[in-house]
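Order as written gives the chain letters A, B, C, D, E and F; numbering starts at 1 within each chain.
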Amino acid sequence: MEGWPIWIVDQYIEKFLQEDVGVGDLTTQGIGKFVEQTIRADIVAKQEGVMAGGQFALRVFTFLDREVKGEIVVQDGAFFRPREVLMRLSGNAAAILTGERTALNLLQRLSGIATRTREMVNLVEDLGVKIADTRKTTPGLRAFEKYAVRCGGGINHRLGLYDCVLIKDNHIMLCGSLQKAIREVRSRIPFTAKIVVECANVSQVREALEERVDVIMLDNMGLEDIKQAVRMAKGRAIIEASGNVGPHNVRLIAEQGVDIISSGYITHHASWIDMSLEIEDQNGL
Amino acid sequence: MEGWPIWIVDQYIEKFLQEDVGVGDLTTQGIGKFVEQTIRADIVAKQEGVMAGGQFALRVFTFLDREVKGEIVVQDGAFFRPREVLMRLSGNAAAILTGERTALNLLQRLSGIATRTREMVNLVEDLGVKIADTRKTTPGLRAFEKYAVRCGGGINHRLGLYDCVLIKDNHIMLCGSLQKAIREVRSRIPFTAKIVVECANVSQVREALEERVDVIMLDNMGLEDIKQAVRMAKGRAIIEASGNVGPHNVRLIAEQGVDIISSGYITHHASWIDMSLEIEDQNGL
Amino acid sequence: MEGWPIWIVDQYIEKFLQEDVGVGDLTTQGIGKFVEQTIRADIVAKQEGVMAGGQFALRVFTFLDREVKGEIVVQDGAFFRPREVLMRLSGNAAAILTGERTALNLLQRLSGIATRTREMVNLVEDLGVKIADTRKTTPGLRAFEKYAVRCGGGINHRLGLYDCVLIKDNHIMLCGSLQKAIREVRSRIPFTAKIVVECANVSQVREALEERVDVIMLDNMGLEDIKQAVRMAKGRAIIEASGNVGPHNVRLIAEQGVDIISSGYITHHASWIDMSLEIEDQNGL
Amino acid sequence: MEGWPIWIVDQYIEKFLQEDVGVGDLTTQGIGKFVEQTIRADIVAKQEGVMAGGQFALRVFTFLDREVKGEIVVQDGAFFRPREVLMRLSGNAAAILTGERTALNLLQRLSGIATRTREMVNLVEDLGVKIADTRKTTPGLRAFEKYAVRCGGGINHRLGLYDCVLIKDNHIMLCGSLQKAIREVRSRIPFTAKIVVECANVSQVREALEERVDVIMLDNMGLEDIKQAVRMAKGRAIIEASGNVGPHNVRLIAEQGVDIISSGYITHHASWIDMSLEIEDQNGL
Amino acid sequence: MEGWPIWIVDQYIEKFLQEDVGVGDLTTQGIGKFVEQTIRADIVAKQEGVMAGGQFALRVFTFLDREVKGEIVVQDGAFFRPREVLMRLSGNAAAILTGERTALNLLQRLSGIATRTREMVNLVEDLGVKIADTRKTTPGLRAFEKYAVRCGGGINHRLGLYDCVLIKDNHIMLCGSLQKAIREVRSRIPFTAKIVVECANVSQVREALEERVDVIMLDNMGLEDIKQAVRMAKGRAIIEASGNVGPHNVRLIAEQGVDIISSGYITHHASWIDMSLEIEDQNGL
Amino acid sequence: MEGWPIWIVDQYIEKFLQEDVGVGDLTTQGIGKFVEQTIRADIVAKQEGVMAGGQFALRVFTFLDREVKGEIVVQDGAFFRPREVLMRLSGNAAAILTGERTALNLLQRLSGIATRTREMVNLVEDLGVKIADTRKTTPGLRAFEKYAVRCGGGINHRLGLYDCVLIKDNHIMLCGSLQKAIREVRSRIPFTAKIVVECANVSQVREALEERVDVIMLDNMGLEDIKQAVRMAKGRAIIEASGNVGPHNVRLIAEQGVDIISSGYITHHASWIDMSLEIEDQNGL
């Protein structure tokens, strides 16, 4: 899981299962001894897409029963076609049936994000421009969704309010000026934190550059202004474009020379990729 | 919050804020005394849609600071237009700025679901057919997403694996027959729990009716088969149609006379409704 | 554990142990190296009864030390006599001594409930009437106590306020009429939830039947009224009798033809079954 | 609540409510606006007994809604008669109906223990002998149940394994001798912890006295042996009798001159005291 | 509390109190009604020092009882002398006595760190060099201890492993070269995270500068090497010196022109500042 | 870990790691496949001292990855010299690098306490006087710090407010007299809890002895008064001296004949013992 300690993953999975299973899976418990069989099952794509979260989905099953075996066929970040087998499972039927929905919900949502991200990345990759995510993620699922963005070829913006400063129009208004806001913040935050400043126009870009900020985020600026900002800033700060970015305009923005384009669209307009868990018919053997 | 005890809501909100705020909002803390101002702010729609989660969004702010005042202008379930003010806030700038993203993420996601649900409901409402949700919800957010479905005019299917039995093809295969599966389950579950059986064809419908199940879920059946199933079952069980339901086919299915159509589409294909939090310019006073 | 995922069981056991062990078992820690011996121990009945919770009791020990081995001699639901060995343990003395009280408290309480339930079930079983539990369970222990009821041959009523509707006199009074209460509720709850209505007299039974509720609970009604209600309702709803049921009157009620009799007595008047953990004298070998 | 910080009480009450309410009280939420009425309700005894847990029961309601008002009519420790009003409540119907069962379950269980304890205390009080509880309490509820024992006039034995040493036969066997067990323990535990030693005969009592232990627990000893042990030990250690104590023999044991008699009977053989919550008929006004 | 949302503070305080209070403060509860008096108390310094954590200490008392009133006399960051009153409290004796130790432990530890930090800051402040903390903080208390460093005039290094990259000798060894380590990391981390590289010699400094890292941490380098590194890097990266820094050498290092000196000494060699809580003698009035 | 159930240890370690690792160790994750190597590493002392917490430090690594192997070279309680290897580790580099700081922070702090305690113990051991700790421990870390005191040869005073009564001047003032305070408390607390009384002068000692308390704590009394108190009390209660004890006066106090000297100094004036984790150079093989 790309270096995620397993105990962090398990904290999430326990919560997710608790939500679905509550005091017990009535149906699975209800069929009694029949559910104690060992079965084989495949997770199969029903749409094309980019894989994300395979290890998490698999962990849902092994969390329920350490004896479940799983083989991830399509690795995170890889492209898959309809009807492709993504993961093979074998083990106790109870664990597989109880975990099915939670595992699929996670895998479908994350692969949806990876797929949407990959679409955007493909539009600008040759220009050397990166697609970054935002904090517009589903409450409670951010770490997973940001991971899915990376699976789709995107990069991550700050993880939360705690690991990077982002000075926006509202902060500037409260402080009275962009310069003042930056200086106030700099006097208090860890020196190890970057400062990003959201600029609405070229004159703010100039002001921010003078304060030697780390990243300048051009917020909803026109193409001409973006180009000018890039010219001014290049080499002195990372230039990030943001605001209403979608497949229709991402390449145009990229062509202005920005370093990074951040996009809420890749998370909040990602639909789930259709998948299903198919149990091998035991009688067919 | 429609009867939700506040302590349950607060458990969620604390988790959501923890994810975003971590050990502190660097930017807000960074501007020091300037953030101690009292400000006024509006949450404004940037797209049309159906409101859902107003009380939850408001609670994010009052959770951060009990002194924040909020007025919900558009009630949950109501339709709104672009540029309409959905909620008015006033209070400590720190609480409003720190809570902004979490509140919006929640409100935008939930309103997205309510809006998608309302679209589906509108297509069949005159036929007396209900649209129900599924368990295809974002991990960790089910209670909220099911609430949003109700805001959009839909009804709820079971909440999890614990409050209703749903016998699917896999359970039937494990037990050997539909009849056997039903009888096994009935001998073990609380007598207060309904039994839903997923049927793939008319002969399974007949078998299920003989076992007097509460709900028959027609899974991906053709229109002719649906009509026949309805004829057989009407009055003896609730008839639910399910499987690949979307705006393109929901009315056709509804016209066959089913009671309920359940749809994962209203949750997993809901995009966020665009909204923003706009702070009143203090200087403009 | 009858389909209970182990992680749910462990959440409870951790809490129970935490209550007893706190920051450490002073006595066990106090005897130092002597407690590192491997010992064998039996859990022995000192009274007759019906077994319930064997797997949970065993898990207390293996939770403390994965190396403890246990063999459950008397299975849940089985009858045992005084001096019968219920479970055999072997392993680290520290784990066995530290877990002893928690394991026994759980096993004695649950077996007490199973025993009391079995007494009631025996009185009516030949009539085809089921004994169900209520929500009158020890706070924090409901899932276990409801499991014990099943071990004693009883069935479960709803698990909590969340998985079934039960309309009582107070709800009816607030709404103005039984009919109104039912209709209000039906418009809001998941369609997968059953509706139980508590009726105090025959005329309420008639009203409830007209609204096609799932279960009619006859609350403290006289035998004649019960008989009449059964006649009216049979086949149209499940008939449950409730209120001050005990060994003295359960058969009389059952003879009126009800389907189910629910009883708080089996939980709140269950005494613990006496048991002890006996360590084999090592010197005796 | 006799000095219990409110946050500790709330941790328990949140857990208890969570168990019963889960994701919501379907019935209460189902009747919609009707549940928003302000009502008055009484908790009424249906049996005589000794009150315990009034403040905890009341807190269940105020935890659900801070606006609920409650007046405790019968204080903890006081005797009440059938039909006596124990507590008066007024407030939001939703909070009162949702909290009803949890509050009553707690109050009935605790009053059951207080009542059973009082019965035992009455049998020996004039002899100056105290009745103490044991660790035979319901898992998860010990602090409450020990409080109920005090309400019934009893005293508390150790709270758990962490606050007092109790050397039993098994510890002695592991160490080889009583003397060795005591000395091992004494070298490791906080000097602020008392040492209790369970003795099975007079010669062990002598050995324990030589080691200057704080309490000697006479385990299942005959009356003559108890008398002899008391003579030997009086003034040098607290003498506690234990083992199969009940109403039938408690006075006989007390008459031998012991200081304290500890009894599992007062907790594990306590039945609930019957009570109900009665809502005032609004129409009757 | 400098922008810390109160709910974060309360999570910590609940844990701290739980550790000390457990199931209850025996002494406070033991004196019964006497503890219900309203008292006044002062927290008084018994040594000179720099204040840190006043709001946290006060919150311990108001967490226990919302009615306790407190006035912070010496603000965080201010210097105080022996016998100076730091905080005045009035309210319920139970809350003040139960909270005393937890509040003092926190305040004494944090003021100890602030005092030690201030000593170091004073030695180099005129040179424009900042003193930063490290991750050498007491497990579980980092956020508080880093706050205390700021109270003492220091600045914060990264908060944890999650908000900044720090490439050390071990990472370099694993990757094969400093350049490779930096490039690997840069391809995976959020672009909003700074990269700090620990350099052991001047040639590593050169390599790191070529990779345009944000901060160069000179690890245990000699004064001459530090001077040379500063000359090379100045203006291209922040220069931080680290390793065995103490009052004996901090100024020497500072004189070489580094921007920041990070010091574990200010946290792990901070002794508590002696303080006590003094209750006003009521009889003296 | 001297009888500590592993699950208690793991609760702490999870919290400590969570604080440091948060959503992930950016650097370790950032170097990608390179971190998947198996490495060997030693924890090495850089100062002399007394070991404490070896098992806890090791558990940090095995908590992160069950496959990490560790050998504790210097046992808890043993003395070590500079450059001595304290522990050898081998396993996944990711687990070792991510756990390094948390493990060291714990080990250095605890060994610091054990070392300081040993210094004090050495000064009085030959007189048969014990050194005990106090409740002046770091919030959240008490159980560990009290364990470290035992490693240094000290003994433990009460663990918290819940396991022993300590009547102080403030309690006496509230009750009106020392006698009254003792009697009030005795009527309410578990009979298994000891009563310690803090005495400021000889006359209070006399009063406390008359009430037959278990421990008399002489608070900041002069040497002459201590001697007199000892004479009066010896054999009737444990005599503990307390208040501003340090290396300068501990022997003088001990010489007066007290049983125990309790000292906050050993915890709040303990500095960390310097240690480092050194990874074996793989290339050097």
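The working rule: a residue touches a chain if its C-beta (ideal position, glycine included) is under 8 Å from a C-beta of that chain, and two chains touch if they have at least 3 such contacts.
On a predicted model such as this, the values are computed, not experimentally measured, just so you know.
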{"item": "Reference subunit B; chain at largest CA-centroid distance", "value": "F"}
{"item": "For subunit D placed onto subunit E, the superposition rotation in degrees, Cα atoms, nearest 5", "value": "120"}
{"item": "Centroid distance [mean C-alpha coordinates] between subunit D and subunit A, Å", "value": "52"}
{"item": "Rounded Å distance between subunit A and subunit F, as computed from the means of their C-alpha atoms", "value": "44"}
{"item": "Distance between chain centroids, defined by C-alpha means - subunit D, subunit F (Å)", "value": "33"}
{"item": "Two or more partner chains touched - positions in subunit D", "value": "21-25, 28-29, 35, 98, 143, 159, 162-164, 188-190, 193"}
{"item": "Touching residues (chain side subunit E, partner subunit B) in the complex", "value": "2-5, 7-8, 143, 159"}
{"item": "Subunit C-touching residues of subunit D, taken from the complex the two chains share", "value": "12, 15-16, 19-32, 34-35, 37, 39, 93, 97-98, 101-102, 105-106, 108-109, 112, 135-143, 159-168, 170-171, 173-176, 181, 184-190, 193, 264, 268-269, 271-272, 279, 281-283"}
{"item": "Of subunit E, residues touching subunit A in the complex", "value": "130, 132, 150, 155-159, 162-164, 188-194, 196, 214-215, 238, 260"}
{"item": "Partner subunit C, residues of subunit A touching it in the complex", "value": "14, 17-18, 21, 23-25, 28-29, 35, 63-65, 94-95, 98"}
